[in-house]
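In what comes next, subunit A is part of two complexes: it sits with subunit B in the first one and with subunit C in the second one.
Up next, the complex of A and B:
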C-alpha cells in the first residue's frame, strides 16, 4: 500500500488527531424515513430545540440587567423594558419564544402520538420526551414569578398551594417550594435558581439523552412499512431543518416586534401591570398561562368534597392519572408494539385534544359576554357548541380522508361535552357517564373480538 | 488450612453484599438528609396573634371599608358590614390559597381565582372551597382603635 501524502485543511488536521472519517461516513449515510404521511412532522422536535436555544440566548441577555429580589425584580424588568435599548425586544422575544416552544413541543408530542413513533423499540425516547415536556412546564411556571407582578404572585400562590394535595409530603413540598408558609421574596430566590440553573441543566441532560436515543435508533419509520424510502439527513434534511428554523425566527421576530406584550388574550399576555402586593386581594379575571388553563378550569369544576377527598385533591389526582396514562402510552399500546395499526390510541389523542380544548374554552369564558361574572350555563353552552362542532368536523375528516373507523374515546369526549354544555348536567356527572360509556364500549369491543377472531390472532 | 465449604462461600458473599448495600444507602442518606433539611425553610415569622391597627390602617378601613393585614404568617381580612359592624376573617382562600376580598354590594367574601364565595362568617356559600375561612374577631376599643385577634376555637364556623 502506498503512503498518500498528508492532506491539508482543517478537516484533515482534525481527522489525523480525532479520527473523524467514520463520523463523516455515518453522517453521509444517515437517512430520515419517508412515508405516506407528511414529512413535516419530523421537523417539530428540531423546531422546539431551536426555540429553546432562543430562550437560552435571550435569557442570558435578560440576566445582564435582571436583579432578583422583592425590591428589585419588578423594578429591573421595568428598567429593561422602558430604559435599556432594545430591552423590550429581548423580553418580548423571551416571552414569545417560550409560548412558541410550548406550541411546537405539544405539536411534536401529538404527532409522535398520532404516528405511533413511540412504539417499540422507542419507548424510552417517548419517556424522555415526556420528561422534557414536564421540564418545559416547570420553566413556564418558574419564569412566570420572576417579574414579581400581581399576576405572577397569584399564579404562583395557586400553583404552589396545589402541591399540598400530594399525599404525605404535600405540606413539606409546599414549604420547600415557597421558602416559607407564603409566597414571598424567598420564593423568588428559589424560583430564580430553578429557572436559570436547575431546569436548564436538567434540560441539557435530558435533551442529550433524547437525541442520543434518536441518533442510535434513527427516526421512527411509518407504521407497518418495512423498507421505506429515505431522505439523506446531511445535507438534505439538515437544510430543510435550517429553513424551518429561519421561518421560526422570522415568525418570532415579527410577533415580538408587533405584539411586544402578547396578543392580550388572558393567558397569553405579559404586560408588567402592577407590582406584586402580598396584602392585595386577587383581582377579577385572573388566569394562568394558556397551557395551564385546563387545569385551572378543572379546579373550578370540582365541588368542595368528592369521594372522601377535598375538591382540589381529587382534581389533582385526576390530572396526575391523565399525565401518567399519557407517559405510559408506549407500554399500554400493545398493537403498535407489533407494528399493527392502533386506531384506539389515535382516537385517544383526538379525545385528549377535545377534553383539554373544551376546558380551555371554558376557562376563557367564551360566550359569557363582557360581564365580570359570566353566567356559567351560557359559557358551558357556547363552549360546547364550539368544541362539539370542531369534534364533529374532525370526525368527518378522519372518516373521509383517512378512513378511520375507531371513535370510542372521541365519542365519549363529545358525549361529555354535550351532556354538560348542551343538556346542562354537571361537569363531573356528565364525565362519569362518559367514563361508563367508554368502559362499556371497551368491554363490548373486547367481547366481539373474542367471538370473531380466531384464538391465535387475538390482540 | 481447611478448604471453605461450598455453602459457606455464598453466605459470606451475601453478608458482604448486605454490608456494602447498607453502606451505600447510609452514604446516600448522609448526603440527602442535610440537603433536605437545608431546603426546608426555617420559621422566622411568629405565629398569628392579636394585632392593633395603625392610624393609617384605620384611615384606610374607614375609606375602603375593608383591609388586609398580616399577623405573623397569616393574612387577615378586616371589613365593615352593612350594619357597620367590624368583622375579620383569615384572608387566605381554603381552595388554592389566593387572597379573598369583601364585596359590599353582594354582602359576601369572594375569591377571584376560582370564584369561591363565603358568607360574612366565613362559611362556604358557592364554588369549590372545601372549608370555611378561619374566623377572627375585630373589636373597637374605647379609644377608637381597633384590635384584631384569632377567634377562640369554639367560635369557628
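Up next, the complex of A and C:
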C-alpha cells in the first residue's frame, strides 16, 4: 500500500530542495506492532520524552532569572516564585515534570522488561535506555541542590558523602563532586554545570541514539508472534501519542496549580524553606528524592562493618551488582533471545518492584507514627504487611489472569520481607536466607530440567 | 586472658620508672592485676615529667599502693592538674584508702567509702581554687610538702565543735584573699574584691556578724566548700539557673526559717521559690533557658542581699523594663502611687509570683486591674474609664486581627502564593502590639495610640495582602480551567480525527 507523496504546496517546495519524499514514505509505512497486551505500554517512551521536553522548556524559562551562586541561588528562586509573573507555575511544572518523567521512565523500563522488548536484536536499545535512566537520576541529584536551601544542602551533603564508599577513589570522587571537602559554593557551580550543560547534552546524544535504534529496528513485536498486527505510526499512533501528551499536560498543570510544592511527602516536596547555612547543624528526617529512597534505606540496613568491608561499601557493592544485573538483562535472558517465553525474568521484574517498594516504604517510616525516632520494628512490621499483601495480590493476579507459574524470585522477595518484617529477623540475615532459597530453587530447577532432557539433547 | 594481660603488663613494666613497677605487677585478691590495661595506657600517655612525679611519690611512699594509684588515674585529670595532685602531699595522703580512716579520706565515691560527702575527691580536683594552684594548705595551713600534720595546721584551723558553733569567722577567712585586690589581681583581675563589704551590710551579714546568728548564710552556704566553681559553670551552686534552689535551700525550708521575721514583723514566708518558679521570670530562666531572666539575686543582690524597699523595688524592675518605667514616671499614676506608698510595678504585677501579663488585666469590667483598683481608690472617674475601655478595645482589635490573619500565612504558603507581604505586615503588627501593650503604662490615650495606629495599619495591610493572594489563587484556578478547556478541545479534535481516519479506512 504505497501512497504517492503530495506534489503541491510547501511540502513540494521543500521536497524539491531536500528530497523529503523517502522520509514521508518511511513515516507512512512505519507501523507499531499490536500484541495481545494493551498498546498502552508503547506510549510510555513517548510520554517520557514529552515530560523531558517540558523539563527543557521550563528549565530554559527558569534560566532567564536563575542566578547561580551562594548569595544568589536561593534569592533568585525566591524571586522567581514570588515576583516573576507565572514564575511559580514554571518552577512547579519543572519539579512536577521531573518526578513524572521518572515515573513514566520507570514504567517504560518495567513494561520493556515484562514484554521482553529488550531481546535480540534490541539489546543496545535497552542499554541506551538504561543509560537514559542513569542520566535522569543524575538530573534529579544535580537539580536538587540548585535552590541552595537547607533541605537540598543537607541531602546533597549526605548523598555526596555516600560516594566515599567507592573503593580506592571514593574520597577523591567526593572531592571532585563537591569541589572540596565540604558542600559549598563550588559544589553549587559544579552541579549547575552538570544540570544545565553536561547532562542535557548527554541526554540529547543518548536519546538520539535510542530513537535511531528504534527507527532502524522498529518497535519490538510481542513475544512469539511472527506476523503481528500493526498500527500505522503516522497518523494513527502519532495522534494517540499526542492525545496522551495532552492528558499529561493537563495532569501536570493541575498538579502545579493545586500542589505547587509537591504532595508534602518526604522525597516529593520542593518548598523553598530556609536558605542553606553550612554552619547550621543538620536536622533529623532529611531524606533524598523518592527514587533514591531505597538506596538510602539499604545503606541504613547495613552495619558499620561487614565481611571485612565498611557498611556503606558493602551496600554500594550490592546496589552496583543489582544495577549491573538490570543493565545486562538482555544478555542474561537466553530464552527470550530464542523468542521463547522467559517467565524467570518476568518474575525478576516483579521481585525487583517488591524489593525496592519495601525499602522505599521503610524509608518513609510507614507505621512509625509521628515519632522523631520511630520504632524500627514497628516500621518493618507495617511495611512488611503492605508489601507482603501487595505481593500476594500481584501473585494471585498473575496466576489467575496470565497463568504465570514461575514465582521463585518474587517468592524469595516475599520470604525476605516476611522474615524481616513479620518474624523480626535482621534485614541482612533474612536477605541471606532468601538468597540461599533462590540459589537452592535455581539449582533444583536446573537439576529437574537436566533430568527431563534426554542425554543426547543436552547442550 | 588474665595471664596474657599480666604478661603484657610485665613487659610494659620494663619501660616504667623503677618505683612504679611494683604497682604494675600488683595483683588483687582474686589474682587479677590491680591496674587494668586502661590504667596502664593512661600511665603510658603521661608526659615524662608527670610519670616522674608518680615515681617520686611512689618512692616517698606517699603514693601508697597500686589501688591508690588507680584512684588517682580514675580522675582522668589533664596533665597540669595531675601534676598539682602529685606534688601535694595533703591530697596524696588523704586520698590513700590504706592510710586514712573514712572520716578523713577523700574519695571519688564518698558514699561507698562511708566518708563525709564533703570529702569528694572529684569535686576537690574540680575546685576553681585547686585549678589555679591553691590547694588544701591555702585554707588549712601548712604546706603541700608537709609529710605530717604540723602545728601550723592545728593553729589555723579551729576544732570542729568551735568552728561549727560560730560561723562568723568564715567571711573574714575567705576575705583574707577575696578582699585583697593586690592578691586577687594575680589570679583574676576582673573579680570584684568588695564581697565582704557588701556582705557586712546585707541582711545575712548583719545576722551573722552583728547578731551572731550562725544560721545566717555566709560564703560556704552558697558557694560550697570543696568543689567551688566559678559562677559561669553550670555545676556551680551560684550558676543563675541553680540560684533559686541554692537560696531555696534555706528560704523554702519552713523549719529552717521558723522564727525569722520580715521588715514588717510578719513571719518570714517560705513560698517565694515555689512562686518564683511558676512566675514568668522563673519559667523564662528555668524552662526556656533565658539566662537574661532574673533569678533571686537579680532583684535582691547576691553578697549584699536585702529585700528591696518599696521605694527601690520599681528601680530594680526598670533595670530590664526601662521603657515601661519611663512611661509610668510620666503618667498620672506616679503621684498617686507615691501618695499611697505603693511599690509601683509590684502593685499590679506582684512580687515573686509575677504572671505573664495579659490584655484581660485592662478594662472597666469587674475583675480587671483598672476596675478593681479604681473601685476602691478613685471611683466614678469617667475619663479614666474611657481611657481603660479604649485601651482594651484597641488591644482586643489588634489581637483578634492577628489571630484572624495568622493562620492564613500557612494556608497561602501551602498554595504556593507570595506570603512575603503578609509576613511583613504580621511582623509590623506584632511590633505594634508589643509597643501598644508597653504604652499602656503611660495611661494616656495619645501616647498609646502612637503605637496602636501602626498596628491597625499593619492589620489592614495584612488583610489586603490576603485578599490579593486569594484573588491570585482564583486567577490561577480560572487560568487552569481555561487551559484544560483549550486542551480538552484539542483532545476532542484528535479523538474525532482518529474516528474519521478509522471510518475512512473501513469504507
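By definition in this document, the second predicted complex is superposed on the first by the 445 of 459 C-alpha atoms of A that agree within 3 Å, B and C clash if a C-alpha of one lies under 4 Å from a C-alpha of the other, contacts with A are read in each partner's own complex, and residues count from 1 in each chain.
Note that in this section a contact is a pair of C-beta atoms (placed from the backbone, for glycine too) under 8 Å apart; a residue touches a chain by one contact, two chains touch by 3 or more.
In this text the structure is predicted, and so the values were computed from the model without any measurement.
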Which holds for A:369: it touches subunit B only (first), subunit C only (second), both, or neither?
neither
Is A:278 touching anything from subunit B or subunit C once the two structures are fitted on A? First, second, both or neither.
first
Which superposed partner A:242 touches (first subunit B, second subunit C, both, neither)
second
Mind working out whether A:443 is in touch with subunit B, subunit C, both or neither, as first, second, both or neither?
neither
Looking at A:389 after the superposition, I want to know if it touches subunit B, subunit C, both of them or none. Which is it: first, second, both, neither?
neither
With the two complexes superposed on chain A, say which partner A:261 touches: subunit B (first), subunit C (second), both, or neither.
second
Which chain, subunit B or subunit C, is in touch with more residues of subunit A?
B
Could you tell me if A:121 is touching subunit B, subunit C, both of them or neither one (first, second, both, neither)?
neither
Tell me, which parts of subunit A touch subunit B in their complex?
154, 157-158, 160-162, 172, 175-176, 178-182, 186, 278-286, 296, 299-305, 310-312, 373
What residues on subunit B touch subunit A, complex-wise?
39-41, 43-45, 68-70, 73, 75, 77, 91, 95-101, 111-115, 124, 127-131
The answer for subunit C against subunit A in the complex is residues 413-416, 418, 420, 476-477, 479-480, 483-484, 487-488, 490-491, 494-495, 497-498, 501
Contact footprint of subunit C on subunit A as seen in their complex
81-83, 88-89, 92, 235-236, 239-240, 242-243, 246-247, 249-250, 253-254, 257, 260-261, 271
